[in-house]
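Paired with subunit B in one complex and with subunit C in the other, subunit A is shared by the two complexes that follow.
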Partner chain A sequence: MRLIQETDFGTPASRSEKTVMLTIDGFEVTVPEGTSVMRASQEVGISVPKLCATDMVDAFGSCRLCVVEIEGRNGTPSSCTTPVADGMVVHTQTGKLKDIRRGVMELYISDHPLDCLTCAANGDCELQDMAGAVGLRDVRYGYEGDNHVVARNSDQPNMRWMPKDESNPYFTYDPSKCIVCSRCVRACEEVQGTFALTIEGRGFDSRVSPGMHEDFLSSECVSCGACVQACPTATLTEKSVIEIGQPEHSVVTTCAYCGVGCSFKAEMRGEELVRMVPYKDGKANRGHSCVKGRFAYGYANHQDRILNPMIRDTIDEPWREVSWDEALSFTTNKLKKLQKDHGKNSIGVITSSRCTNEETYLVQKLTRAVFGNNNTDTCARVCHSPTGYGLGQAFGTSAGTQDFDSVEHTDVVIVIGANPTDGHPVFGSRLKKRLREGAQLIVIDPRRIDLVRSPHIKAAHHLPLRPGTNVAVLTALAHVIVTEGLMDEAFIRERCDWDEFQDYAEFAADERHSPEATEQLTGVPAEELRKAARLFAKGGNGAIYYGLGITEHSQGSTAVMALANLAMMTGNIGRKGVGVNPLRGQNNVQGSCDMGSFPHELPGYRHVKLPEVRAIFESLWGVEIDSEPGLRIPNMLDAAVDGTFKGIYIQGEDILQSDPDTHHVAAGLAAMECVVVHDLFLNETANYAHVFLPGSTFLEKDGTFTNAERRINRVRKVMSPKNGYADWEITQLLANAMGGNWSYSHPSEIMAEIAATTPSFANVTYDLLEEKGSIQWPCNEAHPDGSPIMHVDGFVRGKGKFIVTEYVATDERTGPRFPLLLTTGRILSQYNVGAQTRRTANVAWHEEDRLEIHPHDAEQRGIRDGDFVRLASRAGETSLRALITDRVAPGVVYTTFHHPGTQANVITTDYSDWATNCPEYKVTAVQVTPSNGPTEWQVEYDAQAKQSRRIVHAEPAE
Partner chain B sequence: MGLDLSSDFDGNRIQAIVDEHINLEGPLLPILHAVQEDLGCIPQEALPVIANKLNLSRAEVHGVMSFYHDFREQPAGRHVVKICRAEACQSMGSDAIAEHAKSRFKIGFGDTAPDGSVTLEAVYCLGLCACAPAAMVDGKVIGRVDEARIDAISSEVRS
Partner chain C sequence: MSPEKLARMANQITTFFHSKPHDEAVAGVADHISNFWEPRMRAQLFEKLAEGGEGLDPLVIEAKDQIRPVKQTA
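Let's look at the complex of A and B:
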C-alpha cells in the first residue's frame, strides 16, 4: 500500500470537444480547446513549477512561478492563464525562465519561516517542493527587514505578525506561513460557494482574512475544509496532521454520512487515521467534502463506544459484559424460545441504512431464510418509502433518475422539501456553482433556507407554502402548465400514455386547482406560483431535487407522483440536466431499499408474493420463503403492544429517537422480550434492549454503499474492527447460531450472491468496482457499464404514467389549542439523531436543538430569544430553547432533532403516508409557551436512560 | 457573529445609502464612498449591512474596503494632509519633508492628532511628479512642498 498521490493538473479540465495540437518541450500534445498550457504540459507529464494554481479552482496567475516562453510571443506569460492554441510551441525550461523562477522563489522564501524540519507540512509542502524544483540555494535579502514571520523584530513587537488562529476544532490558520496565493479564498468561493474568506489589505499587507478579520469559528466559514486541502503550505493544516504527522499510505473509501456518498482517501499511519481527503476521482463529490465527511470521524474512538457484547435479562438491570459466544447463545435461546412459544412470526429484524449493502442483504436474509418470516423493515420506512412507491408507479423504478454531474447541465432547478446546503452539503455546493453560472432556482419550502438567498445565490422564486400543502402547490403548478399550454406535447405523446395524460390534464385544469383558488390554503401568492410554473416549463433543462419535506407527509407518495407528473409534462426526463432526484438522507438508504429490506419485497423490489422470484432465492438458500409480506416497523410496534411480536434484531438504527411518537415506540420496545441492538453506542433504543452487539464503523469493514444517484461505491477497511468483527460477520455469527449455516468469508461473496439473484445488479462485481471506481445500477447485460441517467430511450415501465394527485388535507390540523405548525429538519454540522456527530468536535457549531419561531409569534407569547419554551402537541410535550428568526413564516415553527434530550419525536404524531406508512414528521400542530426547563417526560426519560446504561464490566481473564 | 452593534450605529442610514446606489452596475465602491462621505468613515458595523443588501459575504466587503487605503474605519481629523512618498517625490527629498511633517504634527503616518485637528497620511503618487515633492491638503494638491510650506500648513490646520 502506498500514499495515493493524485496528479494536480493546475487548472480545471476543458469541456470542449474540439481539440488543439501544440508542442511542449519538443513533445506533441493534443488537448481540448480551452485547456491551459499548464494543464496540457501536465497531460504529457511535464510539471511546470506552480504555487497559486491547482485544478480544483480556476487559474489566477498570481505566483509568477509557472511562466513559460512561447515561440513568436513576447515576454513570459503564465502557463496557467494562457490557453493552448494550434501549432503553439512552448518551452517550459529555459535559462531565462530559470532565473525568473529562482528570483520569485527567493522573494517568497525571504518572508517565510525556515522551520521546515519541525513544520507540520514537512513532506507535504508545495513551497518546499518548488524551492527544490527551481534550485533555490540562497536568499540574498536576509530576514532582518519587514516580515510576517517573527513575533518580535529586534525586541520590538512585529506589527505585521499575527498569532495562529486555533478557533476551528479541526484545523489551524498560521498567518506567518501564508504566501497569499489565494488558493484558500478561491476554493471557498468556487468549490464550496461560501465566500467566507478574502484577501484583506494590499501589497505587502495582504493577508487571508476569514470574514471581517475574524477568527475562523466566528466567521462565515462552514468548515468544509476545501481551503485546507487547497493550501500549498502549512498555513491551513488539519490539527490531526499537526498531532500525528504525515500519513504513509491511503485507501479510497466512501463517507458514511449522507446520501451524497462522497469518495475519500483515508490517509493512514499504520492503523491510525491521519486525515480524510476528498478523492478527486470520486464521481459524486469530485474532490469536495463537508465538515462531517472530512472531519467528523472522531466518534470511532469516542469513549462512549461499546466494544464488548453485553446482555441482561430485564431492562432495569445493568448491562453485563460477556463473550461473543455467551451473547450469541443467550440471544439464540431467547429468540428460539419466542418462536416456539409465540410462532415463527413473533420475531423480526430492522436493517440499517447506515450499514453496507452486503450487511443489509444478510440481515433481511436472516429473517427470511433463518427466522422463516418476512418481518424486515428499515429506516427508509420513515424517510423515502414514498419515493420508492411514487416513482415506481410513475416511471417503473423507484430510484432517482440522474447522476450528480447532471446538475452541471441544468437550467432551472426546483428544490422542494430539501435543504441541500445543510443536509447534502456537497451537492449543495455543486448546485450553487451551477446557480452562479446562471441557472435559475425555484425553492418551495416553508422556511427561508440558505438557497433562497445567500452570498451570490438568489432564488428566482421562493414559494413559502404552509406545511402539509405540497400536493396542492404541485398540482397548482401543473394547473398553470396545462392551462397555459406550456407542456411538452411531443414528449408526452412519445413517452407517456396520452390518455392518462388527458385525464390528468383535465383534473389539473379544474379551476379549484388554480393558484388563485389554492392561495388561501397554501399561503403561496398566486402570481409568484404562476411565474415559477412558467419558468420551470420554459426555462430550458428543468431538474427537480427533493427531500423529506416531500415524503414525510400523509400525502408523501402523492407528492412524489406530482413531481413525476411535472417532470413528464415538461419533458424533463431522460437526458443530462433534468430529472426527478430524491436527495437521500443516509449513506445507504438507496442500497438498503435495493437489498430487500421491506417486508413485501425481495432484493430488487420484487414482491414476495411472486413465486418465480421466491424460487430464485429458495433454490439458492435451500429454504422455503414465506409468501406473505411481513410487518412494517409501526406494525411491529403495534403487535408488540398487543403481545404477538416479541423479539427484534435491530442493526444500526435508533428507532426510539428517530421514529415518530416516542411514547408508542417506547411502549412497543418495552413489551418485547428480546430486543437485540447492534450498534456503535448505547443509543436510545438500547435503553430497552436485552442484548447489545457492538458494531464496527465504516472504517473497519469492506462493503459497498449505494448513494442517491444509484452509485455503488466501495467501502474499504482501513483498520481492524475495534469490536473484533465487521458487522456482516456478526450477523453471520447470529445466523449460524440460529442454525443458518452460512459461510461467507468476504463481502465480495455476498455481492456475488446479490448479483446472481438481482437483475439490476447482475454484472456488479468487486473486480468491476475496482476497475471503474463506482457503478450506477442498473448494471447488467443491457447496461454493462451501469446507468448514469435512467429512462433515456423510454421509461422502465414502458410508458410514463400520469397519476391524478387529489389534495387531501392531513388530519393533523391547527386549532385553538395547537395553533402553530411544527416542521423539522437538519443542520450542517450534525447528522440525524446525532449518535455520531454529537460525539465529535462538531458540537462547537450546534450544542443543542433550538426552536425557530417568528418574531410575531414569539412576541404574542412573551418569548425572548434563548428562552426555554414548552412545545406541546396532541402526542406529547417537550422543552427546548427558542431562536427568534424570520426564516420561518408566522404560524410555523421549526426545529432540528439531533439531540436525544430534545426528544422532538415525543411531539410528532403517528399520522403517516397513506401508501407506505412513512410518518408525517413534517407537520405537527403545536402550541409554544414559556417554560422553566425540561418537561416531566424529559426528566423521567433522562433518569431511565441513565439507569439503563449502567454496565458491569467483565473480570479480565486470568 | 460576535459583533457589537453599538447603540449609536445607524443601520437604517446605511440601508438608505445602499438603496440609493443598489441599481448601479458594481454598486459596492459607490456605496462605500457614499457611506464615508456621509459618516466620515465606514464603521465596521456597516459592512454586514452592506453585505446583506448586496448579497455578498462579509468577507468580500471587508476585502474590498481594506484594499483601498482611502476607506477609513475611524473618522479622520478635521484636516487630512497627505504627503507623496512615491519615487519622483522621494528623489526630490520627500523623505525629509515627511520627517519634518511628522515632528511638526507630532504624529506618524496613519495617525490623527489627539485634538482631532489633523490626520497625516502617506500617498503613493499624486500625479504631480513635475512639481515634486507633492502633498495634498483636504483634497487640494500642492506642489514643490518644503519645510516652510509644512510649517504654514501646520499652523493653518491647528488654528
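Let's look at the complex of A and C:
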C-alpha cells in the first residue's frame, strides 16, 4: 500500500476532438487543441515548475514560475496560460528560465516563514517542492522589511500580519503562509460555485478573505474543502493533518452519505484516518466533495458508538452487554418461537440504504431463504419507491437514465422537488457550473431554493407551486407543449407507442389542464408556466432532475410518470444532456432497491410470483421461495398492531425517526416481541428494541454502493471493525444461528452470487471494478462496460409508454383548524435523521431544526424570529423555533427532520402514495401558534428515550 | 389495520385507474392489489367485500374475482 499521488496536469483537460502536434524538450507530443503547454509537457512526463496553476481550476498566470521559451516567439510566456499550437517547439529548462524562476522563488520565500520542520504541510507543500525544483539556495532579503510573516516588527505591531482563523471546525487559515496564488478563490468559484472567497487589496497588500473580511465560519463558506485541497501551502490545512501529521498510505473508497456517491482517497497513518481527499478519477464527483464526505467522519469514533452486543427481555429494562454468542442465541430462540407460535410470516426484515449491496442482498436473503417469507422492505419505501414504480411503468426500468457527466451537455434543466445544493451538493456544484456556462434553469418548488438565485446563477423561471399540486403543474406543462405543437413528433412516432400518445395528448389538451385553469389551484402564474414549457420543449437538450419533493406525495408515482411523459414528448431521452434523473437521498438507495429489498421483488426487480425467477434462486439456495408478496413497512406496523407481526431485524435504519406518523410507528414497534436493531448507535428505534447488534462503519468493511447514476462503486476497508465484525458477517452469523448454513468469506463472493442471479449485474465482478474503477449497470453481455446512458436505441420495455396522469387532490387539506401546509426537506451539513452528522462538528452549522414561516403568517400569529412555536397537525404536535423568511410562500411552512428532539414526524400523517405506500411527507396541514417550549410529548419522549438507553456494562473477563 | 385505512388504500388505487378504459381499469386494480398486497391485507379486503364492500369504490368490487385469492396457510 502506498499514498496514491494523482498527477496534477496544471490546467484542466481540453475537450476538443482536434489534435495538435508539438515538440517539448525534444519530445514529440500530440494533444487536443486548446491544451496548455504546461499540460502537454506533463503528458510526456515533464513537470514545469508551477505555483498558481492546478488542474482543478482554469489557469490564471500570476506566479510566473512556469515560464518557458518557445522558438520563434519573443520573451518567456507562462506555460499554464499558453495554448499549444501545431509545430510549436518548446524549451522548459534554459539558463534564462532558471534565473527567472529562482528570482520568483526568492521573492516568495522572503515573505514566507521558514518553519518548514514544524509546519503541518511538511512533506506536502508545493512551495517547498518548488524551492527544491528551481534550486533555490539562498535568500537575500530578511524579515526586517515589509512582510506578512511576523506579528511584531522590532517592537512595533506589524499591521500586515493577520492571526490564524480557526473558526471552521475542520480547517485553519493561516494568512502568514499565504502566497496569494488565488487557487483557493478559483476553486471556490469554479469547482464549488459558492464564491465565498475574494482577494482583498492590491499588490503586496492582497490577502485572501472569506466574504467581506469575515471569518470562515460566519462567511458564505459551505466548508466543502475545495480551497483546502487547492492550496499549495499550509495556509489552508485540515485540522486533522495539523493534529496527526502527514498520511503514509491511502485507499480509494466511496462516501457513505448521499446518493451522489463521491469517490475519496482515505488517507491513512496505520489504522488512523488522517483525511479524506476526493478522488479525481471518481466519475461521480470528478475530484470534488461536500462537507459531509470530506470532513464529517468523526462519528466513527464517537463515544456514543456501541461496540458490544446487548439484549434485554423487555424494553423498560436496561440493556445488558453480552457476548456475540449469547446475543445470537437469545435472538434465535425468540424469533424461532415467534414463528412457531404465530406462523412463519410473523417476522421480517428491513434492509438498509446505507449498507452495501452485498449486505442488503444478504438481509433480504435472510428473510426469503431462512425465515421463509417475503417480509422485507427498505427505507426506499419512504423515499423513492414511486421512482421505481413510475419509471418501471413508463420506460421499463426503475432507475435514472443518465450519468452525472451528462449535465455538461444540458441546455435546459428542470429541477423539481429537489434542492441539489443542499441535498446533493456535488451534483449541485456540477449543475451550477453548467448554468454559469449558459444553460437555462427552471425550478419548480414551493420554496425559493438557493438555485433560484445565487451568485452568478438565476433561474429563468421559478414556479412556486402549492405543496401537493405537482401532477397538476406537470400536466399543465404537457398541455402547453401539446396544444402549442411543441412536441418532438418524430421521436414519439419512432420510440413510443403512438396510440397511447394520442390518448395522452387528448387528455392533456383538455382545457381543464391549461395553466389558466389550474392557476387557482396550484398558485403558479399561467404565463410563467407557459414560458417554462416553451423553454423546456424548444431550448435544446432538456434534462429533468427531481427528488423527494416529487415522490413523497399521495400521487408520487403519478408525478414520476408525468415527468417521464414530459421527457418523451420532447424527445429528451437516450442521449447525453437529457433524461429523467432521480436524485437519490441515501448513498445506497439505488442499490438497496436493485438488491431485492422490496417485498414483492427478487433482486433485479422481478416479481416473486414468477416461477421462473423463483426457480433461479430456489436452485441456488436450496429452499422454496414464497410466491406471495410480503409486507411493506407501513403494513408491517399495521400487522404488528393487529398482533400478527411479532419480530423484526432492522439493519441500519431508524424507522421511528425517519418514518411518518411517529405515534403509529411507536405503537407498532411496542407491539412486537422481538425487535433486533443492528446499527452504530442506540438510535430512536432502539428505544423499542430487545436486541442491539453493533454495526460497522463504511471505513471498516468491503463492499459496493450503487449511486443515483446506477454506478457501482467500491467501498474498501481501511481499518478493522471496532465492533469486531463487518455488517455482512453479522447478518451471516444470524442466518447461521437460524440454520441458514451460509459460508461467505468475502463480499466478492456475495457479488458473484448477485451476478449469477441478476441479469443486469451479469458481468459485474470485483476484478472488473478494480480494473474500471466503477461500473454503471446494466453490465452484461450486451453492455460489457456498463451503461452510462440508458434507452439509447430503444426503451428497455420496447416502446415508451405514455400514461394518463389525472391530478387528484390529496386528502390532506387545509381548513380552519389546520390552515397552513407543512413541507419538509434537508440541509447541507446534516444528513437524514442526523445520527451520523449530529455526532460530528457539523453541528456548528445546524444545531437544531427550525420552522421556516413567511413574515405575513408569522405576523398574524404574533411570532417573532427565534420564538418557540407549537406545530400541530391532526396526527400530533411538536415544538421548535421559528425562522421568519420569504423563501416560503404565505400559507406554506417548512422544516427539516435532522434532530430527534424535534420529532417532525410526529406531525406527518399516515397518508401515502397510492401505488407504493410511500408516505406523504411533503404535505401536511398544520397550525402554528406561539409556545413556551417543548410539548408534553417531547418531554415524555425524552424521558422514555433516556430510560430506554440505560446500559449495564458487562464485567471485564478476568 | 383499520377498515377505513384499508378502504382508503384500495380507493386510492382505483382513483388512478379511473382514467383508463373500463375493462383495463378493472384489470389494473385487480393486478395492482394482487401484486402488492400481502395475503393478510387481501384477506381483510375479501372479508370486507363479502360483507358487501361498504365504503369501497365500485371498481374494487368489480375487480373482486380477478384479485389473487388467498391460500389458507398451514
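Rule of thumb we're sticking to: the second predicted complex is superposed on the first by the 958 of 958 C-alpha atoms of A that agree within 3 Å, B and C clash if a C-alpha of one lies under 4 Å from a C-alpha of the other, contacts with A are read in each partner's own complex, and residues count from 1 in each chain.
In the analysis below, a contact is a pair of C-beta atoms (placed from the backbone, for glycine too) under 8 Å apart; a residue touches a chain by one contact, two chains touch by 3 or more.
Quick caveat, the model's predicted, so the values are computed rather than measured.
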item: First, second, both or neither for A:D281, with subunit B first and subunit C second; value: neither
item: First, second, both or neither for A:E200, with subunit B first and subunit C second; value: first
item: Comparing the two partners subunit B and subunit C, which touches a greater set of residues in subunit A; value: C
item: List of subunit A residues in touch with subunit C within their complex; value: 343, 345, 375, 507, 554, 557-558, 599-600, 607, 609, 628-632, 635, 638-639, 641-642, 644, 804, 806, 808, 811, 910, 912, 914-917
item: Residues of subunit A that touch subunit B when the two form their complex; value: 194-202, 209-214, 218-220, 453-458
item: Residue ranges of subunit B in contact with subunit A within the complex; value: 1-2, 44, 47-48, 51, 55-63, 66-67, 69
item: Residues of subunit C that touch subunit A when the two form their complex; value: 1, 5, 8-9, 12-13, 15-16, 18-20, 32, 34-41, 71, 73
